[in-house]
Amino acid sequence: MRNISSLLFSGGLAFLLLVLATQLPFGHTSMLLGNDILQAAPDEVGTGNIVAAVLLAYRGIDTLGELAILFTAAASVGLILGQRSNHSAKRDKTITESHFITSRASDLMMPLLIIVGFYIIFYGHLTPGGGFQGGVILAIAFFLPVLTRPGTTIDHGMITIIEGLAGAGFIMIGLWAMLYGKPFLQPFFDTFLGNGIFGSLWSAGTLPLLYLAVGLKVGAELAGLLVTISEAPAAEVERT
Amino acid sequence: MIWIVSFVVFIMLASALAVLLLPNLIAAVAASSVVSLSLAVLFALMKAPDVAMTEAAIGAGLSSLLLAMALRRLGLWQLDKEQESK
Amino acid sequence: MTMPGIEVVFYTGAIGLIVIGMAGVLMVKNVFRMLLALVLLEAGASLLLILSGFRETGVAPILLSGHAAGQLMNDPVPQALVLTAIVIGVGIQALALALILRIKHRYHSLDMGEIREQMEHDIAVNSGVVSPASAQSPEPGGHHHG
Amino acid sequence: MDNLILVVILPLLAAFLMPAMARTSEVLARVTGLMVLFISIIIITSVWGSVDEQAVSYAIGGFRPPMGIVFYIDQLSLLFALLIPVMILLFWPWNKVTHIREYSLMMLLTASASGLVLSGDLFNIYVFYELLAVASYGLVVAQGRAGKKGEGAALAASLRYLILGAVGSVMMLIGIAIIYTQAGTLNLAHLALLAPEKLNNMAGLSAFALILIGVGVKAELFPVNTWVPEVYGAVSTRLSALMAGLLSKLAVIVIIRVLVLLFPQPEALQLMTILGMLGVISGELVAWRSRDMIRMLSFSSIGQLGLVFVAFSIPGDMGLMAGFAVALHHLLVKPALFMLASGWTGPLESLKGAAKQSPYIAALFVLLVMSLLGVPPLPGFWAKLLIVVNLASQAAPVYQFALAFVLIATVIEAAYLYRVVMILYHPNQGQQASVREKHKAFELVIASGAAVILIAVALQVQSMETKLSSMARQTGDRQHYINTVFSKLDLADIYHQNKVQQTDFRSNNQLQGSK
Amino acid sequence: MSVLDEVFILCALGALVLFVFHRIRGIEKLAVVFYAALLYLLIKMSGLGYGGEVIYSSFSLNILGETLQWRFDAVSWFFAIITVASGLFSAVFMSGKWGESYREKTSNAAYGTLQIALLLNVNSMLILLASGDLLSLFIGWELVSWASFMMMALNPDKQARQAAIKYIVYAMAGAMAFLAAMAYVYGITGSLQYAELAQASAALSNGQIILLSLLFFTGFAIKMGLIPFHLWQAVAYAETPAPGAVFLGAISARMGLYAIIVVLIQLIGLGHLQQIHIPFTFWNLQTVLAWVGALTTIIPTYIALKQNDARHLLAWHGVGQGGYMLLGLMTLNSLGSAGGLLHVFNYATYQAALFMTIGAVIYRTGTANFDKLGGLVTQMPLTFMVMVFSIIGLAGLPPMNGFVSKWMVYRSLLLDGEPLLFVAAVIGTLGTILSVYKLVHNTFLGQLRVEHQNVREAPLSLLIPMLVLAAIMFVTGMMPGLVLDWVASAQLAMGLVPVTYNLGGIVLASGGLDMIWITLILFYGLGVGAIIFYLLGGRAKRVHQYDNYAGGHFLTSRVRYHYSHNFYAGLMHLIGGWYRGSFKKLEQAIVSLVSLLSQLSENMYRSAQPAMMVIIVVVLSLWSISGGIN
C-alpha cells in the first residue's frame, strides 16, 4: 500500500515536472538578474570570476547564512556525538594499521593539498574555485593523517577556535564597512584595500579576505565533522 | 556534445537507481559517489566550473568519505556480504 | 518542432534524479539508504537550478583574457545558489549521519519502522501513558503500517 | 534603521564565537548570548513605529536591489523581529548543565529567525529557513528529555523530522528553480513586479505548491506535519513551546510574504485553504483521542496552525488580518499552555483534582483554554470571529467547506479541552497527586504573563484591531513593497529593461486602490 | 449615564467584590443585597414593561466596522426581571440555613464559588438580554453558556459532571451553529446589526432563510433543550446544588427562547416563517417549529414520568415546559404568543418553588430519591403546601398562574384551527399531571419512613422564599393582568399585536378568561361544598398514617408500605423506553463516528511516511484546481 502510493506520488511528481518542462523556457530563460550582474559586476565588484562576485558581494549574506548552517550542523554533530567523547579512546579495532604506502603518500600529499587549497581560495575571485572548494581540500588535507594513521587525533579545540574566528572574521569584515558608514558587507569602503588592478590578486576590495575566511571556516567545519564522525563510538560490530 | 551529455546522464540515472537497488550498502555509497561525479561532469558541461569543482570535491569526495566512515562506524563495512541490515 | 535541445537531456537527468530520490525516500526502509536517496534528491534539485541559468551557446561566467568581450555568458546567479545548496546539503547529511550513528547505538536497528515503534514507545513511557515495564508495543493492536 | 541588520548579524557573531569563548570563560560566553538578545531588543524598540506609514528597505552590501539582497522592514517584519529575541529570552535555557553549543544553537536560531522575517530575497529566505531548520534539529537532539529512555526518542524524532524537513527543503529549492526559470530573478519586489505576467500560470502554481510544502514542514502544514507529535513528545516543553509558538509562525510569515507578492492566482489560496482545513480537522480529531497533555497540545497546535492557514487563505486584507490575529493569538497562548503542561505530565486521568492542589495554575489553564476556544471577551474570540465572518463572505465553495470544518473542529476542541478542565477540577484527588511534578517558577511567570496580555488585549481590542488592520494593509500592498524596494529611478529602469508596460503598473495601482 | 449603565456597573462591581471576598462568611448577605439592588434598578426601568422607550447603554464598542451596542427593550426587560428575581430568590434561599450546611459539608471556598457562579449567571444573562446586535447577542450567548457550565461543573456527582461536559459540547455546537449563521448574515449583508438583517431578510431567497433559520434555531434549541437536543439538560441541571438548580431551572434555559424571539421573530420576521414552505412537504417553517415545540412538550414529560429522583423529574419537566412556550410563540397570534411569554414567568415561579421544596426536603432528609421518601406531609406541612400550590401551577390547573398561560396557548391553538397541535399539548399536560402526582405522592404522601420520623419542618430561611413564591403564584394566577401588562408591551416590542387583557385575565371576542371570577367561584364552590359537608353532619375521622391497607394486603407497623417504586408500572410498560433510547443512540452514533475518524487520523499521523502519501492528494488537487489555468 505504502509503496504503491509512494510510486504514485513519485509518478505524479515526474508528470508534473514533465508537463512543466513544456511550459518553462529552459535554455532561453530571461536571466534578468543574471544579465544585470554580468554587466555590472566587472565594474562594480571587479572580480574575474563573476560567480565569486555573486557569492560574496551581491549575495554575501547568503554565504554567511551558509557558513552558519555548516557551523550549526557541526555544532549539532558535536552535541550528538561529542557527549560520549570519553569513549573515543576505545578505537575501532577493525581499522588495521595502514599500509606503508598510504601513510607515506598521505605525508607527501598533505602539504601539496594545503598549498592547492590555499591557492584555490586566494584565486577564487579570479578563476574558478574559491573558499568552498579550497576549504574542502584543506579539510581533507588535515584529515588525511587521521585516515591513514589511526592513532592520530586532531585537536578539537583548535578546530573550534579556527571556525569561530573565521566566521567572526567574515562578519567583522562586513561590520568594518559599517564603521565607514557603508552598508553591511560592502566590499569597497576605504582606500585601505583599494580597488586594485582588475585581475590581480589584491583586487575586488574585501572579497579575497572574505574568501579566506570562508575557506578557513569551511575547512575547519568539514574537518571537524570528519573527525567527529570518525571518532564516533562504533556500534557493536557485527563481525563475521 | 549532445551524445556526451546523454551518455553522462544515462550513467548518472543508472547509478542513481543502483543506489536504491544494490543490496550492499558500500556499493550503494560507491554508486552515489558515481552519481556525484557524473553530476560534476554535467555541471562542467553546463559551463559552471565553480559548481563542478564543488560538486566533485564535496559530493564525490567529502560526502562519500563521510558516508563510508559512517558505514564503518555502523558496523556495516562488509564488502562480501549481501545485506539489507537491520 | 525542432530537434530537442541539449537542455532537454539535462532536464531529463534532473527529473530522473528527483523522481528516483523521492521514490527512494518514500519506499526505502533502511534509514542509511534513505539518506542516500535524499542526496540524490538534492542533486536533482541542484541540476534543475543550474539548468535555469543555462544557455547552450553561453560560456562560463568568468572573465578571462581569452574571451571575446561581447560573448554570451551563462547566468552566474544559479551557480552561486547551487554552490550554497551543495554545502548546505553536506551539512545536513553529516547531521543525519551523526543521528543515524546514535540511533543505531540506541535502538540497534536501522529500519525506519522499527525505529518509529521504539520511539513511540519511548515517548509514551515519557509521557507516563505507558509503564516502562510493558512490552515494546505501545498500543496493543495499534500498529498500522500504512 | 541601518542598525537593524545587526539583529541578524550579532547573534551570528555571538554564535560563532561562543564555543571558542567558552574555552576561556564559560560564563562570559553565556552572558554574551544574553547581551546580544538585549541589544537586539533595544535596536528594534528604538525604531519601533517608524515604519507604520512607509516601509523601509535595506540593501545589503549597498548593491542595487534586484542584484543585491535587500532586507524589507515593515510593521510585520518589525513585530516579529521584536518577538523573536523576546521569546528566545523567555525560553532561554538558564540552567548550568546546558552545553555551550546549545546556547550557540539558540543564537543561530535567533539570527535565522530574524533573517527569515526581514529578508526580501527568495533564495536568502531559503538559506535562513535552512539555518532555522538545522538549528532546530540540533536543539531537538540537545533538549531531548533527560531520561534514559527519552534520549533515544529525541534522536529518532529528530532524524524523522530532519528527513521530512530535508525533503521539504528540496521541494522548496525546486520551487525556487521553477520561479527563477520563469521569471529570471529572485528579489521579492522584482518578482512581485513580474508575477502577474510570469507567474500567473501553471508553473507559478506548482512553484507555490512546492514552496508551500517545503516551508509547510516548519509551519505544521497538514501533509507534512507528522513530526509534530513525535518531536514535541520527545523534547522539553520549553523547546516545544518555542517551536509551536514562534518557529511555526515564522514559516507561516514566509509563506504569506511569498503568497501575497508572488502568486496572484486564487488557486494558490484555495490550495492553502484545503490543506489548512484538513489540518484543522485532523489535528483536533487526534487531540481528542490523546491521553496525555503534551500530545494533546501538539495536535491542538497542528489544528491551530491549520486554522492560521485557513485564515490566511482568505483573499484580501481582511484575510491577512484574520490570519495575523489567529497567528499572534496562538503564539501567545500555546507556549503558555505548554508551560503549564510541563508540570502536568502523565496520563490525563492522573491529573484528577489538580486544581485543588494548585488552584491558580488551574485557573490560568482555564483562561488560556477559553481563549483558545474563542470564548467572547477574550482575544481568541475576535480572532475566530474574523476568520468565520470573512470565510462566510467568500463566494468560492471551498471557503464554505472550510467554514464548516472550522466550526466542527471547534466543537471537538471544546470537547477535549473541557474534559481536561473537568479532570482538573475533579472533586477527588487522583492517585498520582502526591508524586506530581511541581511547576517551575519561570513556567508560571510565562503563563501568567500570557494571561495578563490576553486580558489586556481583551480590554484594548479596538486599538489592537486598528494596529492589526494597518499591518495587514501594509503587508497586502504589493505596490507598496515594490515601491519601497526600488527607488523611482530604478523602477523606471526596470520597466524599460523588462519591457513591462507602464499600463501594467497603473492597473496594478488601481487594483490596490480599489481594495 | 442611563439606568442600563448603572445595571452594568453594579454587575461588574458585584462580581469584583464577590470574587475578592468570596471566602468570607457573610458574603451571602451581600449577595442578597446585590440582587435586591439589581431588582431595584430594573424596577426603575419598569417603564419598559408598560411600553416605555428603549434604553441604551452609553457603553459601546467599535470593532470590525461594527458598532456593538447594548440596550433594553420590553422583551429584554421582561426576561431580565424574571432572571433577577430568580437570582434574588436563589440567593435568599442560599443565604440561610442551607448555606450553612453547604459550607459545613464542603468549604467556605466552595460556597463562595457557588455564589460567584450564580452571580456570573445573572450578569451574563443580563448582558445577553441587553444585546443590541447579533455580535453582542453572540457574546452574551457564549457568556451564558460558560456561566451555566461553571454552575453545573460544581456538582460533585460523576454523572452530572459528565452531563456538564456533554452540555458544554452541545452548547459549543449550538454556539458554532449560531456563529455560522451570524457569519452567513455578515456574508449577505456585510453587517451584524439587527436593522440590517431585518431589512435584508425581506429580500432573501427561501433557501437562504431556511438555512439561516435552521442554523440559528439549532443554536437556540440546544440551549432550550428542544427535541432533538433534549438529552443534556435535565441531567445537567438536576443535581446542581439546590439554589443553582432553582436558578438554572427557572430561567437559564429560557435564554434560548429569548434568542428565538429576537432573531426568528423580530428579525427574520413572522410573515417569513409562515410563507416559507419546506421543500417536498406541505409544511411551512412555522409549523415545523410549532411541532418541535409540541414534541418537546410530550417526550421529555414522559421521560420525567420515569424518573425516580425528584430533581430529575423536575428538570425533565423543565425541558418539556419549554415546549409550551415555543408552541405558544409559534402560533404567532397575539393570544398564543402572550401565552408563551406568560408561561415563561409562570413557569419560573413554580419551577423555582418546586426546586426549593425539593431542596428543603434534601436539606432535612438528605435525599431526593423517591424510594427513600414518603409521608413527609406530617413533618413538613408548609413545604407540602408550597409544593401542592406549585404542582397545581405546573399541571396547569386553576387557580394558579400556570392555568392562565396554558389556557391561552390551548385557546389560541383551537382558534387557529390546529387540532393536532392542541391534542399534542393536551397529551403533554396529561403527562405533566401524572408526573406531578407522582412527585407529590412519593415525597409527601403515603407512609413516613422510620428514619424520617424526627424530620422537622424546613427552617424559616428556606420557607420564606418558598412561601413568597407560592403567594406570587396565587396572586398572578388570580390577577394575571399584573404580568400581562409586561407581556403585552413585550409583544409590542416583538412586533406582534398585543393581547387585550384586564386585571383578571384575557378579553376575547369569543369569550375571554377572568381569573378573578374563576377563583372566586372556585372558593365559593369549595365553601358551598364545605357547608354542605358540615351541614350533613360530615364526620371526619382521623386515621393514623400507618393505619392503611393496600390491595387487601395487611400491613404491620413493621413493614411499611409506600407505593413509590416503579410507579406507573403499567403505563411505563405501555409507552416503553424506545423514544429516549433512539435519541441516545443517535448521540452515541455521532460519538463513535468522531472516534472512528479520530482513530483514522491518528493512524495517518503514525504510519511510516504518511505525509508523503497525502502529498499525492496535494498534487492531484493541484491538478484539479488548476483546470482553470491554461
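A, B, C, D and E are the chain letters, set down in written order, and residue numbers restart from 1 in every chain.
Methods note: contacts are C-beta pairs under 8 Å (C-beta built on N, C-alpha and C of every residue); 3 or more make two chains touch, one makes a residue touch a chain.
Source: prediction; values computed, not measured.
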Between chain B and chain C, the fewest steps along chains that touch one another: 1
By mean Cα position, the chain sitting nearest the middle: D
Centre-of-Cα separation between chain E and chain D, whole angstrom: 45
Mean-CA-position distance for chain E and chain C (Å): 64
Approximate Å spacing (C-alpha centroids) for the pair chain A, chain B: 19
Averaged-CA centre spacing for the pair chain D and chain B, given as whole angstrom: 37
Multi-chain contact residues (two or more partners), chain E: 604, 606-610, 612-613, 615, 619, 622, 630
Two or more partner chains touched - positions in chain A: 2, 5-6, 9, 13, 16-17, 23, 26, 29, 31, 33-34, 37, 49, 51, 59, 62, 65-66, 69, 72-73, 76, 80, 128, 132, 222, 225, 229, 232-233, 235-236
Shared interface positions of chain C, touching two or more other chains: 6, 10, 18, 21-23, 25-26, 35, 46, 51-54, 60-62, 74, 77-79, 81, 83-84, 87-88, 90-92, 94-95, 97, 99-102, 104, 108, 112, 116, 120, 145-146
Chain C-touching residues of chain A, taken from the complex the two chains share: 1-3, 5-7, 9-11, 13-14, 17-18, 21, 26-29, 31, 33-34, 37-38, 41-42, 48-51, 53-55, 59, 62-63, 65-66, 69-70, 72-74, 76-77, 80-81, 127-128, 132, 199, 218, 221-222, 225, 228-229, 232-233, 235-236
Chain E-touching residues of chain D, taken from the complex the two chains share: 164, 167, 200-202, 205-206, 209, 213, 222-226, 229, 265, 267, 270-271, 274-275, 278, 281-282, 285-286, 288-289, 370, 373, 375-377, 381-382, 384-386, 388-389, 391-394, 403-404, 407-408, 410-412, 414-415, 418-419, 421-422, 425-427, 461-462, 465
Chain A partner contacts - residues on chain D that touch it in the complex: 2, 5, 8-9, 12-13, 15-21, 23, 58-64, 66-69, 99, 101-102, 104-105, 108, 111-112, 115, 121, 123-124, 127-128, 130-131, 134-135, 137-138, 141-142, 155, 174, 178, 180-187, 190, 194, 201-203, 206, 497-498
Chain C contact footprint on chain D (complex, rising order): 123, 127, 130, 134, 137-138, 141, 145, 147, 149-153, 155-160, 162-163, 166-167, 169-170, 173-174, 176-178, 180-181, 186, 229-230, 233-234, 291-295, 345-347, 350
Residues of chain A that touch chain D when the two form their complex: 16-17, 19-20, 23-26, 29-34, 36-37, 40, 44, 57-62, 64-66, 68-69, 71-73, 75-76, 78-80, 157, 160-161, 163-165, 167-168, 171-172, 174-175, 178, 182-187
